[in-house]
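One chain, chain A, links the two complexes that follow: it is found with chain B in the first and with chain C in the second.
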Partner chain A sequence: MSSNLRRERLETAAFRAGYLALLALMLLPLLVVVVTSFSGTGRLAFPPESYSLMWYVEFLDSVRWLDAFTNSIVIGVGTALVATLLGVMGAFGQEIDDGSLGSILAPLVLIPLLIPPVILGITLLMYFNEVGLRGSYASIVLAHTLWATPLVYFVMRSVFSRFDWQQLDAAQDLGAGPVQSFVHVVLPNVKHGIFVGGLLAFIISLQEFVMALFLSTPSTETIPVLAWTEIRQALDPMVSVVSTFLIVISVVGILLAVVATNLEWLSKQLS
Partner chain B sequence: MAETNSQFPRSLEGVRESLGQQSGSNRALLLMAPLLAFELLVFVVPFFILLRISFAEESSDLVYAEGTWTLEAYSSVLTSDLLWSIVGFSFLLGVVVTVLSVLIGLFYAYAIWRSTGLVKSLLLFSVVLPLLTTLVIRTYAFNPLLAPSGTLNELLLSLGLISSPIQFVPGTVGVVVGQLYIVLPYAVLAIYSVLATMDWHVVEAARDLGASRPRSVLEVVVPQAMPGIIVAAVISFAWSVGAYAAPDLLSGNITFAMQVEGLMLSDMRYPLAAAFSVVMLLLMLASIAIMFTLLNRLGGEFELA
Partner chain C sequence: MSEITLTELEKRYGETTAVEDVSVEIRDGELLCLLGPSGSGKSTTLRMIAGLETPTSGEITLAGADVTDQPAYERNTSTVFQDWALFPHKTVLENVAFGLKMRDVPKEERRERAEAMLERVQMGGYGDEDPTTLSGGQKQRVALARSLAVNPDVLLLDEPLSNLDKRLREDMQIELREIHEDLEETFVHVTHDQDEAFTLADRIGIMDQGELIQVGEPTEVYENPANRFIEGFLGDTNFVDSEVVGVTDGAIRVETELGYELVLPTDRDPDVVEGTELTLSLRPEVLSIERDPAADAVEGDEQPVLADGSTLNAVVGTIENVLYRGSTVRYSVSVNGTAMFAERTGASTDALTAGEEIRIEWDGTDVLAFRADGSRVTL
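Coming up: the complex of A and B.
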């Protein structure tokens, strides 16, 4: 019995050490990025030989990085708008649908996520060449929407599945039109879900780089694309500065989403 | 954008005409039409164009010769030793990363499932945060860590475990670690989402009946988590075979994605790039189908036992 107990205690210790080690390893690369951004020298080393803010100053002086930052934001907002509109409408339509069209929608929306981005990038580059969209913001927005829409769509499917649809019937029985009943009855209940979906779409677009690499031109290149071309030339701490900004944006995004979903939960508890 | 918009009113009209005044499904179709039109125009049609270009002849002044039909591109893909060795390396990377990703992912997802409170939030956070940072960042951070003059080598040297630095980066170890870091968060979340719906009491019952802890995990948790494990394996495999960033930054070898990028952007040989992509996609689909069948059978056997 006591040998059993000792073995169990050993197993517990090994299990805990295992996942704590993994936790450290998961966060280590991000820590490297943030710490090296404060490097005082031009060599990317961890831990840095000295610390300074010189690379942050250089970042704020660099027109190219700031342009790329603007491009990323424009494309991210565009993707969030298009993907949210398509995803919310599609999920809502499928919810009130009684036909079979909805059943082919889910796999069709999902498949692009499983295809390597390089193949998608090639395919879309050839396509946009044909239809004359090459080099535009729209080409990258459409490519990113292909990846962002599934996320919005599946978030909204789960949000709509928790909504009490009798409320919509009641509103329509009382004479509200389709638009009116959606805005006043459905929307207030699902707006946090829409917000989280849109946020996810924005972050997907912000971080995606393989498709953007194929589709962008020097005037539409996004932060990850510029970071990539810079890394291939020389590995200096400037990339870490940019990456730190992207990590901060993601952390703020997660916090916003947590707040929004908890608010949703809270409003459900209160009503 | 313009296509989606012009397509929308047309399909809207079609829906109205064909369904008359049946308001419910009419409205549903109308709501789904933009998404369907989008997937059709930005996903399905482009793939047919890729397929078409793969059958076109190469051209010296244009990226491909329009209106021509030939199997030349396919025959040069299938007979090239270089391309086959690239395919081989891509698949090897895919298999190694998938196996590691599923095993570690299962362990980590199980740890998240079993933990509570702050530890659980921290573990989940450690998975979600890398997921939301760009591939570029996730990959290059391994350079200062694993390079011959990097942190790990200095640590090992100062501990006296090795006498001269080991070159992890660029090298196979580096690319496997880098790619694993890219796909692991997806694998963990896929498995965790299934575990989260599972009843812990079943595992407890197995232990009460005398099963050791490793055995109860292997025979109770793993079979039930099989749907999540399959998703994790498919995602890890598909993305690792098609990996681009990690091999380029961390490996000495060339993968399919790097080769096809060169064919497209530097050499402008569109038909060859298209044919190579089609062949690769078919090989990947076949491997995923095999993997799916194997894992499903594995899950089934465990259920019977």
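Coming up: the complex of A and C.
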């Protein structure tokens, strides 16, 4: 009996140790990136020979990097807005009208995720050339939206499945039209989910490289595209600095999402 | 004037028919209960009146206007839902004021009206509460206040009391009745609980398998059921299989599974012939139990016809089981191997025990008879 228990405890401990080791192994490269960003020399080496903030100063002085940073933010926010709008509307529409169109919506939305981004990138480049969108923010926003919409859509499907739809009936029954009932009754219930979906779309756009490579021009290039160009010329710690910023933004985003989804729980704990 | 008319209303979901050919006129100011087992289509009918479901075919009018294609938010009906469907992110007061807000009533006025409505359902002072923290009974009151606040022409109640415990449910039934009498508005109340329907209703509409079988006052549907389903659904009864062995002027003789030949008096043409299979319904309240099995009225299996046209029927059986239920005592009796039951009030002093042989008597005019397809035989 007790030996069984001990064995069980040992197994649990071993599993945890193995799991943490695996996790650490996967996360260690991130640590390397962050540490090398504080390098005091021009060489990208780990561990750095000396430490300084010189590459951060360099980054803040570089117009090209700052422009790329702005481009990434603009495209990320644009993608988040469009993908959230489409994803939320798709999931909502499917909930309130489960006709035959609804049943093919899920696989249809999923298609862009299954196509290799290289192919999507080339195809979209030709397509946007035709319609005259080449070189615009809109072209990259639309490309990223193709990828981000399915994710928002599936997040919203799960959010809506937990929503008590009788509330929508009650709202309409009390005289709220379609828009009013959505704004006053559905939205307050799912706003955290929408926020998380939007954040996800933003992060997806922020780190997307392949399609952006095809579609961007020097004036619209995003951070991953510029980083790739720079690495091809010289491997210096600037790339680490930029990567550190991307990591920080992503982590902050995830923290925001966690806070948003647990806000009510948090407020209950504090009160 | 009729407030609501339903004409040949039908609702199908793909292959399944939820509501079939429902036609009824609901009078202005009446409280109609739609009663039926779950899945009988009563809630779907209610939701079609509310505009939350679109009928597959048929017509709905409210106060004379055709509203069949009007969405819920344009109809002046208001529903109290089974799970109440309060808005969890709004305060109690905001819940009650919601309908008024949608009607663009100024803020101060809707606050006053919502507070007055909360007072009326005895929830005054709860305005700032979070509805998710309320008890079931309180939620029910808030939901009622929310629906009444918009001053609807018709209040629709979709089993709102079914999630409450028995005591609370009975209190709420009386309160609903009082509110209905105060407001003089039309109420349509859906329930599967016959006691609730009898307590509340001016008229009861009984539904089964999507069809509205009978609409009438409570005493009418209970005493004069349209078919066998209603007789069995409203209260307990003994169904006894039988076959017609003779039709004479004024009486039908039937051979029953009880082993007795019974006489059903009739004063019109009952439209049965020899050999017709009938199911007789013997309600416990028309049966009386006599201690002495060998009473003088019973001679063999012939049942006497009395001077006033009624018949005195009696069968002899053995008590198999005694079920003490407080206000009544129920006896399971075996009559020549066929089980039936009879009741006496719990106050009876001469307790009968299992194994005793007793006589069950009833007046033949109290017996209802149904054909094999469930339709009623007019006696």
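Please note the rule applied: the second predicted complex is superposed on the first by the 245 of 271 C-alpha atoms of A that agree within 3 Å, B and C clash if a C-alpha of one lies under 4 Å from a C-alpha of the other, contacts with A are read in each partner's own complex, and residues count from 1 in each chain.
Going forward, a contact is a pair of C-beta atoms (placed from the backbone, for glycine too) under 8 Å apart; a residue touches a chain by one contact, two chains touch by 3 or more.
Keep in mind that this is a model prediction, so the values were computed, not measured.
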{"item": "Side-by-side fit of chain B and chain C on chain A, or clash", "value": "fit"}
{"item": "First, second, both or neither for A:A45, with chain B first and chain C second", "value": "first"}
{"item": "Apex chain A: angle to the C-alpha centres of chain B and chain C, given in degrees as a multiple of 10", "value": "100"}
{"item": "Dominant toucher of chain A (residue count), chain B or chain C", "value": "B"}
{"item": "Touching partner for A:Q166 - first (chain B), second (chain C), both, neither", "value": "second"}
{"item": "Touched partner set for A:G18, first chain B, second chain C, both or neither", "value": "first"}
{"item": "Touched partner set for A:L174, first chain B, second chain C, both or neither", "value": "second"}
{"item": "Distance of closest approach, chain C and chain B, by C-alpha atoms in Å", "value": "7"}
{"item": "Touching residues on chain A, where the partner in the complex is chain C", "value": "164, 166-167, 169-177, 180-181, 184-185, 188-189"}
{"item": "Sites on chain C touched by chain A in the complex", "value": "50-52, 71-73, 77-79, 81, 83, 85-90, 98-99, 101-103, 146-147, 150"}
{"item": "Residues of chain A that touch chain B when the two form their complex", "value": "8, 11, 15, 18-19, 22-23, 26-30, 32-33, 36, 44-47, 82, 85-87, 89-90, 92-94, 96-99, 101-102, 105, 108-109, 111-112, 114-119, 122-127, 129-131, 138, 141-143, 145-146, 149, 153, 178, 203, 206-210, 214, 223-224, 227-228, 231-232, 235, 239, 243, 246-247, 250-251, 253-254"}
{"item": "Residue ranges of chain B touching chain A (in the complex, touch as defined)", "value": "1-3, 24-25, 27-36, 38-39, 42-47, 49-50, 53, 63, 104, 107-108, 111, 115, 122-123, 125-130, 132-138, 140-145, 149-151, 181, 184-185, 213-214, 234-235, 238-239, 241-245, 248-249, 256-257, 260-261, 264-265, 270, 273-274, 277, 280-281, 284"}
